[in-house]
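Letters A, B, C, D, E and F mark the chains in the order given here, with residues in each chain numbered from 1 onward.
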């Protein structure tokens, strides 16, 4: 993906050179032309077209991220006003299939945003994330929740 | 009309922000407090800033990229910050609250 | 008519929000001072920063100015850097800086 | 012509940056610094000559009229002090390579030196109260850098206190500016002088003036605010001590002179009589300090303090001749303190110790050093016909005319004790049986002595040739006393 | 409001000074930081607050807050920052050389 | 004349070169002509028809300081003594000081002294006089310390310098007052205005200042103590400075101002009282000495006291006798010093207990000594000049008149003291001569085998003794050509003219006889009563006072300095803050500066109040924080709070900067303090804690009161409007703060960056430049 972005930027810069205009609008035009070129040449590039990926990221962000954020916030707020807190917090180990570190970072961030969970640490071999949950009646259920919602979404984006 | 939307946005935002802070004060240990900070407070500030963004768009006609960027930034960084702090807290030996039931991390480390 | 009501409503909403956010900061200040552990304080300080961004947003509406946007964006960035830095320092050693109560 | 007035401030800053960049090649840095200093000196000399001939030059930075922009005022007083600063600085630059370790030179001695000169010159020349603060910070920052240069254990310990004291007084400075801005709505000195005339609440203005006085007094090392000075000045390298002793406290005194002749002149019965008392105690405790130690460098350091008392005395007396005395003394003291620190540095290198009890007979091997030191001591004590004498008779005359007999007696007794403290070095350190362990680096000692010789020569000239200098000083003091010249030259429409 | 701010600035001064009078390096530096905050606040307060819009030119605004003190504070803040940074490093070096962070133990009259 | 005065000084500059250039020839020979030429120059003025004259060169006209020289009888007398005895002393020194000595130094000091002393006696400008005066002290210091490897020399040098410079500074105050009162710096001008001076309200001060100057220089009791220690100088110096010339500078000063001062009641009391006490005490102490030069030193003190007393009498006879005795004393005392030097030189000892019977070994010296000592003793023989002035002294001591109880008592005591002093003078004179040259010789006890001095070495004392005799035999010649003129100058009019050997059987003659008789008896019975010296001076010795003072100056100043120079930062801060608080508060109250009449203030909103409160709480919380991270973060709260305030008060740029700075600062704090110990509990005493609280609260209150008063004392519109109006028009920007920063006040910003630059350099230096471990 990064190669595509760099190429796109280079194309935009080339365009600016050619047009001899170093303004933002020239750059934007060049960038759009670059997107077009990259789209046409997408078959020769190693990765899927990055605009597609960007769209997936956006989807991940808007639909999952925001939704989860709102829901978890409501949860927290409810807890915050509860006269007596009777929760059972705890830390559990979440095995992950994701490999690259930035994927794991993304996942742990998402975990942090989901209701009742917060990533505490990543195992040294990156095989699992330790997650703190505000209310942890059943570990397995929590693990499944995360696996179903986030890990799948992230894989969609990155693979 | 816009004023009312803005008003609602900022009121809701404020409510979340305040509630988050209340959580930070009330919850028993640092991890629980982080839950409050990462979720409610972040959402609250996003709401207020969105209100400000809309207000600026309609009141003085400025579409402020910086503000949008600011909102995104907060949203993106909040969980990272939370993760960093919680890791730091755990590694520096902050004790979990007495109600904590499980601690698989400690088990793994001690083995 | 609606415009006028809207403006009045906004004024009241602003006032409530200002006070609300400020009180929220007050709670956080309490937590920063109280601790009891340093990660607690770090959380609270980070949250103060976030609240501050909200407050600046409110002020931007209040003054109807876009001159504060820089401040908001930069606060976000700085806050992140600051929090990461603090977390790093907190993690570096295993000294428990817990207040002796 | 007008724009030339910025150069004494801006050029050293430029030189500082260049010196910092050159640092890796130490020989080139040295050469660059030496050439630059001499060139600056010549330039400032020319500028001073022009100003003495043709009157003040006032530059408005960026062309913005006073009081809105920052005025850089090259009045005779300022340019005289800038000139003296450059003279001492140049001497220091030639002294430095012989006394500093190469590491110290490499770690930005020259860059910090030029920064110091920029700050000091700026402080002398600025016509803006807040800008004065900024220049104070520049020179202080440079001094912080210089004082820690070398990183000794005691050095850092004392530097810490030094920085704290100055930091605190800087903060008070800001607060004073705030107060003054509240009352008068301006920060330009000339504009302030004009406005204070019509302030109804003179009382609070006077109190604010006193706070500002204390700000400067900390830097000038007036009783009871000088505690930081002896230890801080004794720990760094002699060349740094010389720069400090000759320049730093003088900036404080200059600021007191400037502000208390230009702005706060309406409650002299209260303020200036406080100064007289403080001057007395400054003299007394300063000489007591000088007598209390066997560390030769500390003796010289302590001797900074009574000199401050003398200068403050003139301000307290607040008559044209007493002010002239202060100004003369100021110039004289810059030169002679520089010289003494240079010489003491050489003495310590020669004897291999700072402890007077362990040295003796140095003059037998290093007669030039001994005799120059002897003459410098006489100059310091105000023995005629040298430079200290001229300032002293003006001050004494001022004191006697104001019937401040106690002050005069204290001043005379402290002069005597200054002489005693210096003569103890001469009698017990230079005289006596040839000590063991005296350095054999004759060439180095001679090179270390020469800057002192030059400055002592200058001090002698300032005394014997007083007729060339005094009329300028007299007109400076009249200008200070009259105020209108300064105000109109800055605020000309 | 200016009166309240003056009180606040004075409190900053008082607490700063109290810290300055303590023994440990950290407290002392904290003291200086508080004092400089107080000083900057004085500068802001003394020039009257909330008189008009922020000092950024806008077409339909004619009344602005006094911009000069803001400029001065800005300069002062940056300078304080430089000095504080220096002081922090100095404190660290002082500690490592003198093996104590207690000012009262850093007396002595040995001058190397 | 100016050349004559400065010739020795000019020569002094090349003496070091001369002494190196010609090693074979004794430097003394090379430079001997100069003082002699000067002597001849002044000699030409001697004569009955002498008229005073004045030469003047501008020096610092702006300050009325000039090199103006007035040659009148008094100056001439002194100038002749200085150059004449100077010549003899140089000649004498050629034999006294060995080749191997540092002759260059010796003669340089000596010639500097010659010019200085000539300057003192010839200057008409008071400041000129003062300058030369100090130089006599300095050259005396250098000469006493000539053999500086001797501990006693260093001691004596420092002592003489301290006491004489003390007097010099006092003199300076005196002459400045005189010039203020009279509006002139010329002595002649002052003499003309003697009424103005005497009637001035400053007169008591002037008098005290001048007297201190004169008394210290001329070794009057109790300032005499430096003179015996000055004997550590080579003997030619003792003969010259410490007997014939420099010590008479104080006498000269009193004589010079005599036309103004003489006859004033206080002057009479002060001078005659101190003079006579000095005379008596000096002669009394001289008898006790065992060192030849010690005897001579106390003798000099005593004789100076006598002259001082005569100046005090202020009568025609007294003044005349004073002048006359100046000359006489120079001759006989000069010769005696030289003889003492010869004895020292040839026997290796000056200890009178070891000496004796030297007449056989050095008959010429002994003969010369006879004349010297007998003249000094005032033995009534017609060829001894000492007798003449001594008898005039007695005569003068009898005809004083004064009013006032104290002065009247003094008048009756004066003759008694005069006689007592003279008796002791007689005793030590005899003691000096007989114990040295007669009696049993103890040759084996002496370091060297005694023999007569080289001929040329005897010439100078011989010439001086010749002077004693010629003056004694032909007083009139000297009287008319020289002494009269001098006495006129002192008296300020026609002085006494006559010198007779035989006045008839007047009381003075009986007094002289009494002195000789009683003195002889007491000398012979000395061993019977000399135990008195164990009682007096005993502990009363002024030397003890001086030593005590010098020692105290060191120990007491150490103690004082150590009490406050403790190196404690806290203590320094406490003193600083207390001083500022007390003085500023005092000024505020004294000037009615407190102003609580409320000026217009901005509205108060809840938000602002809460934020303000929060900052305050956080600031206070720093005090109670007990761990380092906590305190750093709490400071962060304060900083962020301030940023909020900046936002609320419409200062976006400030808020921005504050945020950046605060964040970086907190990070730096963490970085630097991570490795430092954690905060500890404040274990200081209850007293310390409460002092801290009081001081910090008091200072805060002061800031607050001044702040509120300043705010309420707003008297002008600020210069802000100009910036608002011109930001765009002239500065070309729309952010006023930015435009001010980069344009209107660009210098601020440039040098603000310079501060950061300096900080960076300093920090890099601190981190990178570490001393090698050994140095720490």
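The working rule: a residue touches a chain if its C-beta (ideal position, glycine included) is under 8 Å from a C-beta of that chain, and two chains touch if they have at least 3 such contacts.
Not measured: the values here are computed from a predicted model.
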Touching both chain B and chain C we find none
Could you name the chain whose Cα mean is nearest to the mean of all protein Cα atoms here?
-> D
Of D-E and D-F, the pair joined by more C-beta contact pairs is D-F
Report, in whole Å, the distance between the mean C-alpha point of chain A and the mean C-alpha point of chain C.
-> 25
Distance from chain D to chain C - Cα centre to Cα centre, in angstrom = 48
The distance between the C-alpha centres of chain A and chain D, rounded to whole Å, is 64
Distance between the CA centroids of chain B and chain E (whole Å) is 30
So which stretches of chain D touch two or more other chains?
-> 130, 134, 137, 141, 144, 148, 151-153, 160, 164, 168, 172, 175, 178-179, 181-182, 231
Give the residues of chain F that touch two or more other chains, as numbers and ranges in rising order.
-> 567, 569, 573, 605, 628, 650, 652, 671, 703, 707, 710-711, 718-720, 723, 744-745, 748, 752, 755, 758-759, 762, 766, 776
In chain C, what residues contact two or more other chains?
-> 23, 25, 38, 42, 44, 63, 65, 67, 70, 75, 79, 86, 90, 93, 95, 97-98
Among all the chains shown, which pairs meet the touch rule set out at the top?
-> A-B, B-C, C-E, C-F, D-E, D-F, E-F
Tell me, which parts of chain B touch chain C in their complex?
-> 1-4, 6-8, 10-11, 13-15, 17-18, 20-22, 24-25, 30, 33-34, 37, 41-42, 44-45, 48-49, 51-52, 55-56, 59-60, 62, 64, 66-67, 69-70, 73-74, 77-78, 80-81, 84-89, 91-94
Contacts from chain B onto chain A in the complex sit at residues 15-16, 19-20, 22-23, 26-29, 31-32, 34-36, 38-40, 42-44, 75-76, 78-80, 82-83, 86-87, 90-91, 96-97, 99-106, 108
Please give the residue numbers of chain F that touch chain E in the complex, ascending.
-> 566-570, 573-574, 577, 598, 601-605, 608-609, 612, 615-616, 619-620, 622-623, 628, 631-632, 635, 638-639, 642, 645-646, 649-654, 657-658, 661, 664-665, 668-669, 671-673, 675-677, 679-680, 682, 684, 692-693, 695-697, 699-701, 703-704, 707-708, 710-711, 718-720, 723-724, 727-728, 734-737, 740-741, 744-745, 748-749, 752, 755-756, 758-759, 762-763, 766-767, 776
Which of the residues in chain C come into contact with chain E in the complex?
-> 63, 65, 67
Note which residues of chain E are touching chain C in the complex, please.
-> 53-54, 56, 58
